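Take a look at these structures.
In the two complexes below, chain A is the common chain; its partner is chain B in one and chain C in the other.
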Partner chain A sequence: MTTTAAPVALTPRRGLAAARARHTAGRVLAALVRSVAIIVPVFLVATFVTFALRALSGLSPARIQLGEEATPEAIARVEAQWGLDRPFLVQYGDWLDGILHGQLGTSWANGADISTLIGLGLGVSLSVATLALLIGVVVGFMLGTVAALRSTTWIDRAITGFVTVISVMPAFVVGIVLVVVFAVGLHWFPSGGYVPAEQGVGPWLAHITLPAVALSFDVIADVARQLRAGLVAAYRENYVTGAVVRGLSPRRIFFGHVLRNGLGPTLATLGLKFPALVGASVVTEWIFGLQGFGRFANDAAQAGDVPAVQGVLVVSIVLVVSFNLIVNLVLARVTPAAQRGV
Partner chain B sequence: MVRRVLALTSGRIAAAVLTVIALLALFGPWLAPLDPLATGDNTLAAASGTHWLGTDYLGRDVLSRLLDGSRVSVLGSLEVALTALVAGALPGILSVHWGRVFEWTTLRLADTLVALPFLLFAVAVVALLGNGLTQAMLVTGVLVSPLFYRVARAATLAVARSQYVEAAVVSGASTGWIVRRHVWGKILPPIAVALAQTIGVGFVIVSSLTFLGIGVQPPAPTWGGLLASDLGYLSHRPWAPVAPALLITATVWASNLLADAIRDVSGEAGRVLLDDRGARDGRPDRTDPAPAPAPAGGAR
Partner chain C sequence: MTTVSEGLLPRRAPGAAPDAPAPPVLSLRDVRIGDRAGDREIVRGVSFELAPGRAVGIVGESGSGKTLTCRAALGILPAHFEVTGGSIEIDGTDIATLNPARWRALRGTTISAVFQDPASYLNPSIRVGAQIAEAVRAKKGLRRREAHRRAVELLRTVRLRDPELVHGSYPHELSGGMLQRVLIAAAIAAGPRILVADEATTALDVTVQAEILDMLAELRERTGLALVVVSHDPAVVARLCDEVLVLREGEVVEQGPTHAVLHDPRHEYTRLLIAEHEQYGLDRFRTTGEDT
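This part shows the complex of A and B:
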């Protein structure tokens, strides 16, 4: 925002700009401290719930390894091997210690290292989720801005209607429609599978475009709606009237005054969208045959592989929490009002 | 409130669509023209007189399966919404009254639940805790309950700190009277909005879970399951997913529409919006200065 003041930056303004930069840095730091204070308990509670799942499920590695007709002694032996005969809290402590060191344990089903397995899938899922976020933010931003600038005209109504329609289409419905039209019908894109980016950016993009578009509809709708509402509200503020009276150009009013103040709710929504994207990947990866994070979660859950499921949940919690942290920091940097109440 | 919601066109449309879906859920299994589980030789058939929506890969009648499967989806989403209502709204209201410890704990819990990707968690929990849609929906209900918690808490806070409640307390009104006279009217509309939204969300989750084959035994038909089985035969019957996809989308849309309609007719913001709409309709163009100040002042 110091850049918007730059054209009129006469000598006495320098000190002001520096003070403003210091102020901004302090704000971001305060937001960081506050966010961490919230995140630590959230993380502890979430991991505890995740770990308690095993005790609640009553599943045991013995059933997977030995089958249904194992003797009680054999079951006890296998459970002791996995350290499941120890007290619950000791197990939780060990497990949490492992997580903090990046070790998610080994799979009950095949003894493989879960961190490695998840790492393999995460590359696929994050490619898709990032592209989906990118599409969602860019398209949603354009739609929301145009709707706000042309509010109460037919353009606004058309955009609002379109946004309403796409917001109620679940990701897997969109995914199937996309497969039918663009893969089966037009043959523009492959209907499934994944090619790593190292083997060529073109094929990589072709394989992740359809799933990303399927996931992005929800983001587009939310960003467009929130941005439109925020911008329309910001245009009604007195400082905009003041800026118009001072004779500032519409472009400067939009970028300097309206956008900065109308952006807050949109960014806050983005923070909440990320869990939805991670969750929806379970379904879209199934549709598009991607061996990603969500597919791994589904397969592990259906196989009753508890440590793998726990690992998936922990990774998703970490992803979501860190994404929220970033959004909070951006929010603190962009809009001062975000300081009041997180 | 019901009357005012139905006075809006969007409210009427939403109510009509939801009524049709509810009737499908109630009577669908009896309306099904053929046995939804009966297989036949006529596999992957196109729409015809006997099979209005064609048949699937085992020759089962799609229309019958669609009608038969409606009950699972609708019951599931209602279950999600009601669980979330109980698990979220009660602590939300009580958090204002039961002291700081309870308030702090429930706030942190709500933060935690929001952080969990609920579809992923629902998949995990259902798969681990037993393959029943009821458990799945209970868990999902708890996971989406922070919405109710926040809404109920915000409304209760607004009421508890208002001067008219203080005045009622000072003038010696009983708690029950205050709740009936002042609190319900403020808290119910936002909760009704959240409930309508959650039914939509629950519907998506039920469909997603059944799409993945979680929570139902294979031959039993569900809308999500129909989509999943269509997916394998897209090159033969590209139009097959249209009917279940349309039904799911229409239901979610109607729930959202209902939520918007309730929001429009209730509360301060709602009344302003209605006035705003009236003003906009009556206004010849945007340059007319007379009605402009009203929405500008009330929109906040």
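This part shows the complex of A and C:
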């Protein structure tokens, strides 16, 4: 048997570099196509379930507008105004068409445009979530790396202990402590409210820093733990021994070999983390007096404002799906072997 | 695969080779390796000297301490193991005096190694050519383009048929034999004087094994590379080595010129090892078949 035979058909020599570049582009493109093939059905099913919520909940705009003692005729009239007397699938088609054009409909509670309301809240929440993610990734990366490089020493234990402690501290407790210490006590930051970035980057950062720090604890803990585990496992691999006997420096071995292969679980976790940061920040938004996405979602649900809740869900679906897509593409680039589907 | 009877014929008469005896590139003197936790000695007194262009073989069953001896010489003993006695000198330097930076300078350029299961010794996320080029760049200070050219050259040296194509492949896209050649190319990238081959051909099928052993023999003759060949298979050692050590439970039970040890084994264990090889080797079946 000849094992030296090339596994692929021969390529002309001069075309090789180009062929290799195409190969890489092809791999990322394949990951993109595969992801889209999954995303489209997921999006359709998820939006269908979301839309079916109204029919399932039995809520009606008439209840909100007319109160409990409305006559059946009045209810029917209001429902007809909202187009709710049409067949279910026709309503779904209309609604989906609106979503694809960025129109999430009108609020039952006050007739305002939901896209605009969510856009305002999302600006706040995305600012806070992005900063929280940034803090979480930077701090978590440092802690995880140091713990892995000094694994089983007291440094590793101290970091692991610290990470465990902060991972069980609820964001609202951290938030309150931060406000008491840094806003009320030291007057370093405002205690609440929000200033858009267009009105000055300084005030914008000052207003989002404390809530972002409060939210980042969870990300720090997750990133540090996943990264530590990934790096420790990668350091045990034979290819590290291989690199050592080739005489490569510890820095080269860490960045070129260990980090690259140990990063996968951390990236996958981050893909789930960002949407969670945007969505699950209701309590933090209350503490810091922010009119964010989480609070909008909460208010809409309390009021039984079905179109607003549906809008919140659609935006959440888009966030989750697009973040997973980004993470998949990054993973396809960083660890190509993981894409061969074994 | 070379059977013992054929392989026993030395490739060249060991006494006839040297002009003036060159100073050894690797010498082990009464090396002992112990388990720090259990106070056990796992390797008890291994000594040999390896001159440039020569090859020494270590045979023995699993757990006899072959791999630990090699790892000690490479400075990569697993955690909890340490050299408890004797000395190891690489190119005249006692390894006990080496700090991490000097170890790093020595590895790749003076001593290098290849192992069993080559796929696991290559980074799965990086093209194999880039991994060879990385070694060239780190150890020889070559620029990217020169390192690429050198990597392709090395892949040709280890007789890969389409070096350019292999250069751009990931480890999971190559066969076991190709990967072992790639690993050898990476190991010799910085022109080491000693190559440790720890069961390097064990997992390969016999034709590929023979090709790789021939390739190593050629490298040795052409570049003066000194080889430490570790195998449980006496035939592999017979094909490549001038001197052989037979290791059993950490002790050298027999040591001497390959043809002497394998032709005329004095120790009962060596006899057993060779007898088993002959008993289960294909040669046995073929000769009996022809006789009847």
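Here, the second predicted complex is superposed on the first by the 316 of 342 C-alpha atoms of A that agree within 3 Å, B and C clash if a C-alpha of one lies under 4 Å from a C-alpha of the other, contacts with A are read in each partner's own complex, and residues count from 1 in each chain.
The definition used in the following text is that a residue touches a chain if its C-beta (ideal position, glycine included) is under 8 Å from a C-beta of that chain, and two chains touch if they have at least 3 such contacts.
Note that the structure is predicted; figures quoted are calculated from it, not measured.
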Partner chain in contact with A:249 - chain B first, chain C second, else both or neither: second
First, second, both or neither for A:261, with chain B first and chain C second: second
First, second, both or neither for A:239, with chain B first and chain C second: second
Contacts of A:33 with chain B and chain C, given as first, second, both or neither: neither
When both partners are placed on the shared chain, which of chain B and chain C touches more of chain A: B
First (chain B), second (chain C), both or neither touched by A:89: neither
Contacts of A:177 with chain B and chain C, given as first, second, both or neither: first
Touching residues on chain B, where the partner in the complex is chain A: 108-109, 111-112, 114-121, 123-129, 200, 204, 207-208, 211-212, 214, 224, 227, 230-231, 234-235, 238, 241, 245, 248-249, 252-253, 256, 280, 286, 295-296, 299-300
Contact footprint of chain B on chain A as seen in their complex: 38, 41-42, 45-46, 49, 53-54, 56-57, 59, 152, 164-165, 167-170, 172-173, 176-177, 179-180, 184-185, 191, 233, 236, 272, 275-276, 278-280, 282-283, 286-287, 294, 297-298, 301-302, 304, 306, 309, 312-313, 316-317, 320-321, 324
Of chain A, residues touching chain C in the complex: 1-8, 10-11, 13, 16, 19-20, 23, 237-239, 241-250, 252, 256-257, 260-261, 334-337, 340
Parts of chain C lying in touch with chain A, wherever the complex brings them together: 74, 76, 100, 104-109, 111-113, 115, 117, 120-126, 134-135, 138-139, 159-162, 164-166, 168-178, 181, 183, 186-187, 189-190, 205, 207-208
